[in-house]
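Both of the next two complexes hold subunit A, though its partner changes from subunit B to subunit C.
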Partner chain A sequence: MSSAAPQRPNGLALFILPSVLLFALFFFLPIGLMAVMSVLTGNPVVAPKVAFTTRHYARMFDDPYYLEVIWTTIRIGLVTTLVALAIGYPLAHWMARIKSRTGHALLLMAVLAPMLTGIVVRTFAWMTLLSDKGVINQTLISLGLISQPLKLMYTETGIVVGLVHIYVPFMVLTLTGVIGRIDEQLEQAAENLGASPLRAFIEVTLPLSLPGILAGSLLVFALAISAYVTPILLGGFQIMTLPILIYQQISANFNVGFAAALGIVLLMISLLLVIAYNRALGLVSGQRELQ
Partner chain B sequence: MMKALGSSRLNRRRFLTASASLGIGTIAAPYVARADDPTLRITGWGGKWGEVMKAEIGPAFESEFKCKLQTDSAFPYLPKLQASSRSAPIYDVLHTNSNEQWAAAEMGLVEPKIDPKLVPNLADVYPYAISDKIVGVSIFTSAIGLGMRTDKGYSGVTSWKELWDAKYNGVRGGYVIPVNSLGQAFLMMCGTLFGKGQLDLDAAYAALEKLKPIKIVDFTGAMEKMLLSGEVGLCVIHDSGIYRYDGQNQPTDFVSPSEGVLSLEQVLTITPGSKMKELANAYVNYMLRPEVQKRLAETVWYSPANRKVKLDPKYDAKLLTTPEKVSKLIQVDWKWYNERKDEIDQRVNRIFRA
Partner chain C sequence: MSASIEIAGVSKVYDGGVRAVDAVAMDIRQGEFFSLLGPSGCGKTTTLRMIAGFEIPSAGAIRVDGADITHVPAHKRDMGMVFQNYALFPHRTVAENVAFGLRMRGLDKASIATKVKAALAMVELSGLEDRRPTQLSGGQQQRVALARAIVIAPRVLLCDEPLGALDKKLRQQMQFELKQLQKKLGLTLVFVTHDQEEALAMSDRIAVMNGGRVEQVGTPAEIYNQPTTRFVADFIGDTNIFRGERTTTSAGGPALDVGKGLILALPASIETQGTGVLSVALRPEKIRLSPADGTAASARGVVENTNFLGGAVLYRITLGGGHRVLVQQPNAGTDRLFVPGNGVTLDWTPADLVVLKD
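Presenting the complex of A and B:
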């Protein structure tokens, strides 16, 4: 007869405790409270009679306006991600493959430099460029190329421009690490076997960098759909996204329940994306599912 | 052999300890000395208002009433009050615009009226300041009208309806109606201008549709900057937003439309759960004192609510300081508006989306 030896608690596990507590207190608890508030008629802490309701969600799905807002948010997120990827990938590839240490350092500094300035400041800088009285329009008017200012601000394009500028570094930094770990000899082997550089890139480098593409895209998409400052300033309140609507519901309509429901929907969109990402990554890396 | 206690020899460690203690003591002394002072928690604006409150008005109140004023100037205030306990609210006195005060009163977050027995200066205010359109008391008001550039040849603007003139396409300015008091008041004005009155929402919506293209902002401060930069040429704005640049040679002016100006009240209310009721009433009374009203009015260009205030001629000429001038003010029925706010917000969000 064998008896299972009692498992000794791992002393190192205690080091994780503060992080676990921090995560529980500042992540799970607020989200849990938000989920609860989204299905209640009021705040149970201050209101005596509070009941369960689905009206906040029903309101969202009954009125096509809110569905349009959700789709606008997702669309801006998708376009921002694709543009950031298109700009970020070549830059990341260059950074990962550059032989010169100085060159790498300079490129890294160039990517990181914008991150040393706040998002608000960077967005205001874009406003000075894109507004009717901004640098671009005034230059074009003074050159006689246009008579009326181009509508560069207060459009989705304006928002995407601002978001891409802010989030490209996240894409580049994520991709650089992944591309840097790909063995260059694999590309050389493909070329030795007769593949052109382009084909070697498409059939070797690109598939191997897919985890980086997915991770970078996930990061940029999640940041873009939850952005508040840039869509407000560059969209001029004429492009409504979920974060703006949530702020409006809390600050001006004092409808915490509906704001919580909108927040949960935003969270669900992100979660669905993470699940899809995990599955895609599992398929790419040959596993059924990533734990 | 043990070193004798109380040795007076000064070594480096003792010197550093003593210096640190002295430094901490010096920094902490005012807080320790005033630890027992009662604290009145209020809300208030930033900018010039915040500066004069912090430098003069606030300290004078603290000194006279032996208390400490703790001001929250991080807008929005109402969600924070809403989230705090009714019996221990985050604020004792809520200072905000009238529409939010009505929402707060509807939620039971503030007392609907101020007791004239506890606030004697209430007897000296213009009727609008304590009318049935006001929760609490309005201590100041601004006139909402039109702001215009004077360097673009837009002369002869006398009516609200000029804002709909096609020549202002591209340089017309308005507000995000769901979050801005001026925008909400303007929507009601649209009902008066093009329909049967303030409550004619259909006429207002139709008028707003015709107002496009329009540049919209969330705060009056942003509109001031747009007007100063020439990004807008004619816009809805309150008189303070134009007059505060007096003496700076800015090519802007305020127009009081012939149909009347809308009232943008600065309202004070007291929270029901406040433990500092006496001090809160004293604060409201203090803010209505003629000398306090004069100082603030001449700093931020708000029209004082106290009838007895005598402003210097420069301010008296432009602000609403006589019964005749005050009678031009149009007050909005915020209770009615707030009951329909969700419906209005949904509609105007659709109207102004790109």
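Presenting the complex of A and C:
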């Protein structure tokens, strides 16, 4: 159809312009800049003579300290995700299947209410609970169950507790949507065919909610590995994670290039997970390949 | 081995006081095709779900072959069920769906494969083993659901409006096949439907339900020809219902004065001396229609409109006094059709009037 009239621009296309600009300015531009900075010797704005280098990445992968930081970040992310899933799944299942409207509203409020408070406030609340002279340790000591306060603050455990509390709603809301769309009659059909309620859950509901489990886990993991406030307050610089390290490199060491390289690594971890997620979902949903 | 079911005074009251099923009692015989028929909200599905074990009765007992199963959990009842929307497992293939119940019973792989193959052959779905339910048509999904339910050789097969989602042609074909399969396997089958034609065509016996109660239990012919209540007469097929005071004919026989100058002679089986208000039903096809010159007529009227149904013709006729009646006649040829405005005489036998309980 070479003789076809030249296509007139669709007027509706103009409406996506704001979002295109927004994405370009606040997403692609900063990430692009970060990627560029991570392979430069210095800041081209202040230092006129800059050259390409891979030394930031080399430094990261040569020094076991930085590898340890990356691994700690991933470990905290994984544990947070698993705990959030263990807490969030039963809650989401309950919310998706509850018959009473009032009950559903109350559950939803209970899940959402903490999100109305700032992360800093919630983290401080955990500090009063977890510290050596905090509520938990004082209670246990006064009950005579322990003599020395448990080391809850300034440990990975403390960070995970704080992160789980903050990110569990994301897990619950993602899962509730998916579980709510599974026909309850499928479980009944399984029971009718001789499966105990637990077996029916394992055979039917669990596999069908796998997309929600994957999506919720991905979301919580990505948020947990990029969290800054909670690890700093509950870890008290005793536990070093990637976001804290990046902040230090910029604010204390002024090593923007190295900070950018660390940022790219953090981004890559999330990106790899998204790709793995799509693959897994493709396998789960059978023949349908995700384009 | 097929079983009999006894439903003894079963009620279901939901939180909030809604009485979905109210003191329902019926006996379903072994190897019987038994339908629960009624409008939506009449309690038929709740009754079925109580038999399946998905709902616990608030009162009464359900017995299978004499054994009380009222509180036995669903997965230990050994019943097959075909759900209204089929409830096929979307993440499993056709063969895996059918194999599910056998797997739960711990059968070995080889005998599962043999039985699945036989069940799929029985519903004529051989060759589709590896498809997913979403890749099948509605009729095929329906057959998979049926195969999945019968492959476990259930004591009872429960069907919740299984043909509701199919178009008319396919529906009739499936009605025929399901009935044939049921007879061949000697299955006790409890079938829930709101479609009276379907119930009449397929069932050995029907329980007509309304407002949580059983109105009448009987064979299709009994339900149609001798409805005992006004609801049953009205719900099953077209019918003319008259209501009036008891009186006597000039000859001294029992009769009913339905007002507007119309007095209906009642069947001779009714006692002559009686008073009070009665309702009677008269099926449209029990009335004979002839041109207005007839002599010994039960009533006279004018054709208001003519519905040509093909094999039969349905007339709406206004009687002299103002009553309106439906009359159905076999199609006896174009030249024998009455058209609106024709004067006609109507004849029926008093014995065809069925006295109803209100």
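Structure notes:
The rule we apply is simple: the second predicted complex is superposed on the first by the 277 of 291 C-alpha atoms of A that agree within 3 Å, B and C clash if a C-alpha of one lies under 4 Å from a C-alpha of the other, contacts with A are read in each partner's own complex, and residues count from 1 in each chain.
The rule is short, and it goes like this: a contact is a pair of C-beta atoms (placed from the backbone, for glycine too) under 8 Å apart; a residue touches a chain by one contact, two chains touch by 3 or more.
Please read all numbers here as calculations on a predicted model, not as lab measurements.
Of the two partner chains placed by the overlay, only subunit C lies in contact with A:Ala195; subunit B stays clear of it. When both complexes are overlaid on chain A, the residue A:Tyr154 reaches subunit B alone and has no touch with subunit C.
Within the superposed three-chain model, A:Val121 lies out of touch with both subunit B and subunit C [touch as defined at top].
Within the superposed three-chain arrangement, the count of touched residues of subunit A is higher for B, of the candidates subunit B and subunit C. In the superposed model, A:Gln185 lies in contact with subunit C only, and not with subunit B. With both structures placed on the common chain, the touch criterion links A:Asp132 to subunit B but leaves subunit C unconnected.
By the touch criterion defined above, A:Ala252 lies against subunit B but remains apart from subunit C after alignment on the C-alpha atoms of chain A.
Of the two partner chains placed by the overlay, neither subunit B nor subunit C lies in contact with A:Ala13. In the superposed model, A:Tyr65 makes contact with subunit B only, not with subunit C. For the contact definition in use here, the subunit B contact set and the subunit C contact set of subunit A share no residue. By the touch rule above, subunit C contacts subunit A in their complex via residues 52-54, 73-81, 83, 85, 87-91, 100-101, 104-105, 132, 148-149, 152. Contact residues on subunit A toward subunit B in their complex (touch as defined above): 43, 45-46, 63, 65, 131-133, 148-149, 154-156, 232, 235-240, 248, 250-256. Within the complex formed with subunit C, the residues of subunit A that make contact are 183, 185-186, 188-197, 199-200, 203-204, 207-208, 284, 286-287. Interface of subunit B with subunit A (complex): residues 76, 78-79, 82-86, 103, 107, 170, 176, 178-179, 215-218, 229-231, 341-342, 345-346, 349-350, 352-354.
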